[in-house]
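After this come two complexes, each holding subunit A, first together with subunit B and then together with subunit C.
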Partner chain A sequence: MTAPTLRVRDLRVASPFTELLHGISFDIAPGERVGLIGESGSGKSLTATSVMGLLPQTLTATGSVLVSGIDTNLLAAPERRLNKVRGNTMAMVFQEPMTALNPLMRVGAQVAEIMTIHRTEPGRRQARERAIDLLEQVKLPSPAQVALAFPHQLSGGQRQRVLLAMAMANNPQLLLCDEPTTALDVTVQAEVLKLIKNLVIDRGSSLLLITHDIAVIAEVCQRVLVLHQGTIVEDGPVGRVLTAPQHPYTQKLIAASNLAAVDHRGRLHTLALPAPVPSSPVPSSVVPSRVETDAAAPPILPPYRAAHQSLDLGGLPTIFNEVAGVPVISVRGLSRQYRRRGGGLFSPVPIVHGLREVSFDVAEGQRFGIVGESGSGKSTLLRMLCALDQPSSGTVDVLGQPIAGAAERHLRDFRSQVQIVFQDPMGSLDPRMKVRDIVAEPLHHVDRTEALARVEAQLAAVGLDADAMDRHPHQFSGGQRQRISIARALITRPRVLVADEAVSALDVLVRAQVLNLLADLVDEYRLTLVFVSHDLGVIRHLCDTVAVVSGGRIVECGPTGDVYDHPLHPYTRQLVSATPSIHELTGA
Partner chain B sequence: MTAIKPRPGRVVGRGGGATLWAGVVLIGLVVLAAVVSVWWTPFDPEGVFSDSILLPPGSEHLLGTDSFGRDVFSSLLRGAQISLLVGTVAVGIAAVLGVPFGIVAGMSPGRLDTFMMRSNDISLAFPALLLAIIFGAIFGAGTVTAMVALGIGTAPAFALIARSGTRQIMSREYVQAARASGKSGLFIGARHVLPNISGMLIVQASVSFGIAVLAEAALSYLGLGTPPPTPSWGRMLQDAQGYLFIEPLLIVWPGIAIASAVLGFNLLGDGLRDRLDPRMQVKR
Partner chain C sequence: MVLVVLRRVGVFAATVIVASIVTFLMLSILPGNAARIALGVHATEADVAAQATAMGLDRPAIVRYLAWFGHVLVGDFGTSTVSRQPIGPDIADALGITVILVLTSVVLALVFAIPFGILTAVRQRKPDGAILSGISQIGVAVPGFLAGMLLVTVFAVTLRWLPAGGWVDPAEDFGGFLEHLILPAIALGSVQGAVLSRYVRASVLEVMRDDFIRTARAKGLGAGRALFRHGLRNAAVPVMTVLGLQIATLLVGAVVIERVFSIPGLGSLLLDKVALRDLPAVQGIVLVLVVFVLLLNFLVDLAFTVIDPRLRSAA
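Now for the complex of A and B:
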């Protein structure tokens, strides 16, 4: 067997307080594509930064990192030696393509710079020509013009391609990618992943791909390392690990990733935690008593089955999911335009269409998913539904009340009936407020003792202890913060819950828990759910009806299963086929 | 469903330790001097003593005497009163005027915001010291005039900071959530915006405090601040200037006092910002 491209032995990384990586060892053979998967905080990015010698000053690494052709341990190598290796023998692609590029330099020059620094091209001219060549290899249209563009003039996917061109400029033996597609849209992600795979295969480079998304690894890699709390718990070929995981953590991870596999109640499998980790005990003592819902609650309605329709090109604007009788939400001809700032002094202000002529209904008790890529208008639509923004034209009726253009004082009742859960578990809670005040915020004219009692009950309903009340949001994990958000949204007993990417920022296991919680609460409180997401899998799992949004329009709407399995609109077909999936491998 | 406890994490210490304490000690000295001098100074700092002119530092006069025979140490103690008074009142006026203005501008729709901030820019372009000189000419020089003028002159800086902070906070999801639950603008401004921009306001206040102390000294030096015979650090500098080559130490003492007060407020501001932020608690 030939010498491995990368040999990591007993790598330990420690902060002044605690050890973060507990001696991990692995090899990557020449040309091998290896995935490293783990939750946030598992140490997967630390692994990559230690290999690259980019650890922050406050952390110390011990062990050995050997790259073939270089006989020194990179952990002990001086900075000058590392500089020769980085970008040359091994290269890295980061998650956020905007911050990884210099905003004041043309991208062609940035690609050329890699070659002039390492003197792999004799002169500036040649380097510049080769840069254009590389930009073409990463499939950028009209590479000569792209080379002259600044990073902000490119889209996220294009910027990630530029980073790939930079990484591949000197034909590295090892390419490290840290969450390379997490910030990208689904369709773009599929293209970039294919590109990474092809580039690595063409050049015979090895790949270490770091991600939290098991489907991405299934798409690109041959072997997978599972990292859990600073230790590699499983190492094996992708097919074997996905179908027959050995370690309990891997089993749990794969079960939770599989949004199609549900139990008899339609809940995701969240297996019990393996032996609790000593440093963070998870008490399971108290099972909170659920809040009693109104005694005379209406019976659960049979789920409303939507008609499966797609956008009628050239014809009359379609009203999607039209409900006979009184719908909970009724949107007609909704448009929203924005004036874009800037433009020339004398040229007309460019107008951006956020939404165009959108019409749809949502029936009582329906779980309505809205799926689309960034910029599709799905967030604009959601803001209109919550009366956080005013439409340019069209009407929004919620619970029979027109809310578009209504004055705030007429919206009192509406505000308590429609509540929202946001994406960012950190940004959606005021860091200066205590949890009790955060959760009690939507309550109006409720005296303090009663408000506190309701907060306590609501926190129990989302699975949080009462002692959470006096804490600040930063003392909670992402999943717990999302539970607090949900408690805040439900405290007024709304009839409609609107969720904006409510689980997108969460780790797979936590995501499964929060999704199950949401499903439980929607049943328990008889909520009508509007769930906005870019993630088709999550929508399919949670919603009975889905609307696909693109370019400010709903292009297709119908029962979730029908839309996914028999898409009518070409865009839906593209979206469904681009979504990475582990189903083929797991046979689920 | 199992109940989940908040993430365990022992609070090891709070942010801003050493900086905060250095600031507290320096400001403490100034406050101590001001308080003590209300009841006691070694000598009368306001008279004229022809028998003890320009004495060097010694056992009787700890820091020597000035050209009127006054004890420098006593003048420094009494002068701390004026500096603290001017700093507190000027910063108070500036914050009371500037912060609500900035928050209202930051929460207002585009055009009103633009109008308010352009007017603010115009006032910002007008130096506080020049305003104080004009006020002195109109209303007569004095401590009150100086304080009010410095307060008004510093307010636009507060408005600018408050407005930019407000814009940031207004885009946060928790403000969206508050709006979605029907909270009024007043509530959002008071409960969400103000607490979250308080960190930068405290820093601005402490820096302005230092600047006000400095400006008062400058005004007194120009003869537009505190009138004689009340001692002020600025006028001590002015008096000492004439004897720069005879008794250079005279200029050093008020200089040290001013410098340590300004430094103290800056350190205090930095330290407070870290300490008051619940996120800055050092955890392990």
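Now for the complex of A and C:
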């Protein structure tokens, strides 16, 4: 057997206060594609940055990192030596394509630089020519022009291709990718993953791919390492680990990731785990979600089964999911245009169409999913539904009240009937307010004692203890904060709950818990749910009806299963096929 | 790019016009009659009225403004009501001196602030970095005129290396010119330099945390080279914003420093003319000062466009 490309032995990373990686060891063989999976805080990125020698100064690494062909332990090697290895023998692609490139430098020059640094091309001019070649190899259209572009002129997916071109420039033996597609849209993610796979296969490089998404690993890797709280708990071929996980943690992770597998009540599998942060005074976020719903109660079926329709641009404007009686939400001919700043000095101001002629209904008790990629118009639509923005034309009626163009003072009742849960559990709660004040804030004309009693009951309903009331948001984990947001949204007893990417920022296990909680609450409070997401799997799990949004229009709408299994519109087909899935391997 | 520059030139021209109107209005609503000031307190009402007509003060304000600004555009600032001499040449001479003083102090401030700021940022966690950083903090707290007086006491009075004040035309005696320039320029520039070095430090620290620096390190550049090749230009953008804002402060400082060192610049001229109540001259000097600040800010804006490609297309 040949020597491994990367050999990591007893790698420990410690901050001045605590140890973060507890002696992990693994090998990567030449040409092998290995995935490293784990939740946030498990130490995935620390592993990669230790291998690259790019740990923050406050952290120290011990153990050994050996790369084939280099006879020293990289953890002990002097900086000069490491500079020769980085970008040459091993290269790395990071998560954030928007900020990983120097905004003031042309991308061609940034790609060429890695060759001039390591003198792999004889001169500047040759390096620039080679950079254009490389940009072509990562399938960028008109690479010579792209080379002269600045990063802000490229999309996220294009920037990630540039970073890949850079990383592969010197044919590294080892490519490290840290969440390379997490910030990208589904269809772009699929292309970039394919590209990464093809590039490393072509060059015989080894790959260490870090991700929180099991499906991504299933698409690209041969072997997978499961990292949990700084320890590798499982290491094996992807097929075996995904179909027959050995370690309890891996089993839970895979069960929670599989949005298609549910229990008899239609809930995801979330088994309780040992509390991850024993030092924290706050109850752990992995308390099993409150399950008190009377199991004998009949499941609440959607009262209305949507027709499965797709957009027909030639014919009459389609009204999707048209409800015969009185719909909870009724949108007709909704358009929103934006004027883009600038344009030429004398040319007209360019107009951007956020939404074009959108018409649909949502029936009482429906769980209506809106799915689309960034820039599709789904967020604009959500803002209109919540009366946070005014349409250019068209009408929005919610609970029989026209809200498009209504003055804020007429919306008071609407505001208490329609509540929103936002994506960012870190940014959407005021850091200076106590939880009880955050949750009680939507209550008007309610005396203090009663308000506090209701807050306590509401927090209990979302699975938080009463002692959470006197804490501030920063003392909670992401999942717990999302529970606080949900409690805040439900305290006014709304009839409609709107969720904007409400679980996108959460880890898989926490995501499963929050999804179960949402499903329970929707049943219990008989809410109408509008759930906006880029994640098809989440929508399929949670919603009975889905509208696919692209280019400011609804292109397809219908019962979730029908739309996903028999898509009518080409865009839906593309979106569904681009979504990475573990089913191919698990055979489900 | 050309369009962006043209647009900025347009904005600059419009700002100058607005500034001239404001200057004109401010001085015309001041109490006191220019004609009476010109003739002195003992003149009769009839003489004052005749003088007002001669000076065109009986015309409507808009006509007076247009006549004044039209002449200013061709370099004619009118005639002093005190000395009866044209004001233009006086302003031109004084402006030359002030421009030299201000620009030298800007250069000195930058020469000090950039390396000092970078050093304190890079050595942030080391004891020397902390000490240097503390020194610059003291610099921020010392006002320019105090620095000026201290410099004079040490280098002119005690050591007798440099003159305590006055001005020499560079065309006559370049060595003498430099000798007279050094102390006031340092006095004026040191405070700005200290303030600026704080911003350079903050900006470099910010940039060192940026993702593209990590990318540069992953390419195989050492920490220092990554900072120099990729970091500094990015760090320059916020520093230049501060520099633009500081220029106005610097001109106000120049008015004081010129007094401390008896330099016949615009500041000294302005104070003299204010004391004499020579309104046309004050009006001209104030306008020149305002335009000077606007011009430097305009140049800073243009420099932004050159440094940052995002501003070229986004305008």
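Just so it is clear, the second predicted complex is superposed on the first by the 558 of 588 C-alpha atoms of A that agree within 3 Å, B and C clash if a C-alpha of one lies under 4 Å from a C-alpha of the other, contacts with A are read in each partner's own complex, and residues count from 1 in each chain.
One rule holds in what follows: a contact is a pair of C-beta atoms (placed from the backbone, for glycine too) under 8 Å apart; a residue touches a chain by one contact, two chains touch by 3 or more.
Computed from a prediction, not measured in an experiment: that's the story for all the values here.
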Superposed partners subunit B and subunit C on subunit A - clash or fit
fit
Once the shared chain is lined up, is A:D424 touching subunit B (first), subunit C (second), both, or neither of them?
first
Subunit B or subunit C, by number of subunit A residues touched
B
With the two structures laid over each other on chain A, which partner does A:F17 touch: subunit B (first), subunit C (second), both, or neither?
first
Of the two partner chains, subunit B (first) and subunit C (second), which one does A:V352 touch, if any: first, second, both, or neither?
neither
With subunit A at the apex, figure out the C-alpha centre angle toward subunit B and subunit C and round it to a multiple of 10 degrees.
30
Now for A:R415: first (subunit B), second (subunit C), both, or neither, which partner does it touch?
first
First (subunit B), second (subunit C), both or neither touched by A:G87:
second
Between subunit B and subunit C, once the two complexes are placed on the common chain, what is the minimum CA to CA distance in Å?
6
Which of the residues in subunit C end up touching subunit A in this complex?
3, 6-7, 125, 210-212, 214-223, 229-230, 233-234, 307-310, 313-315
Which of the residues in subunit A come into contact with subunit C in the complex?
52, 54, 57, 79-80, 83-88, 91-92, 94, 96, 99-105, 113-114, 117-118, 150, 152-153, 163, 166, 341-342, 344-345
Within their complex, subunit B touches subunit A through residues 1-9, 172-174, 176-184, 191-192, 195-196, 278-279, 284
Contact footprint of subunit B on subunit A as seen in their complex:
17-18, 279-288, 386-388, 408, 411-412, 415-416, 418-420, 422-424, 427-433, 437-438, 441-442, 444, 460, 463-465, 467-468, 471-472, 474-477, 480, 483, 485, 488-489, 492, 517
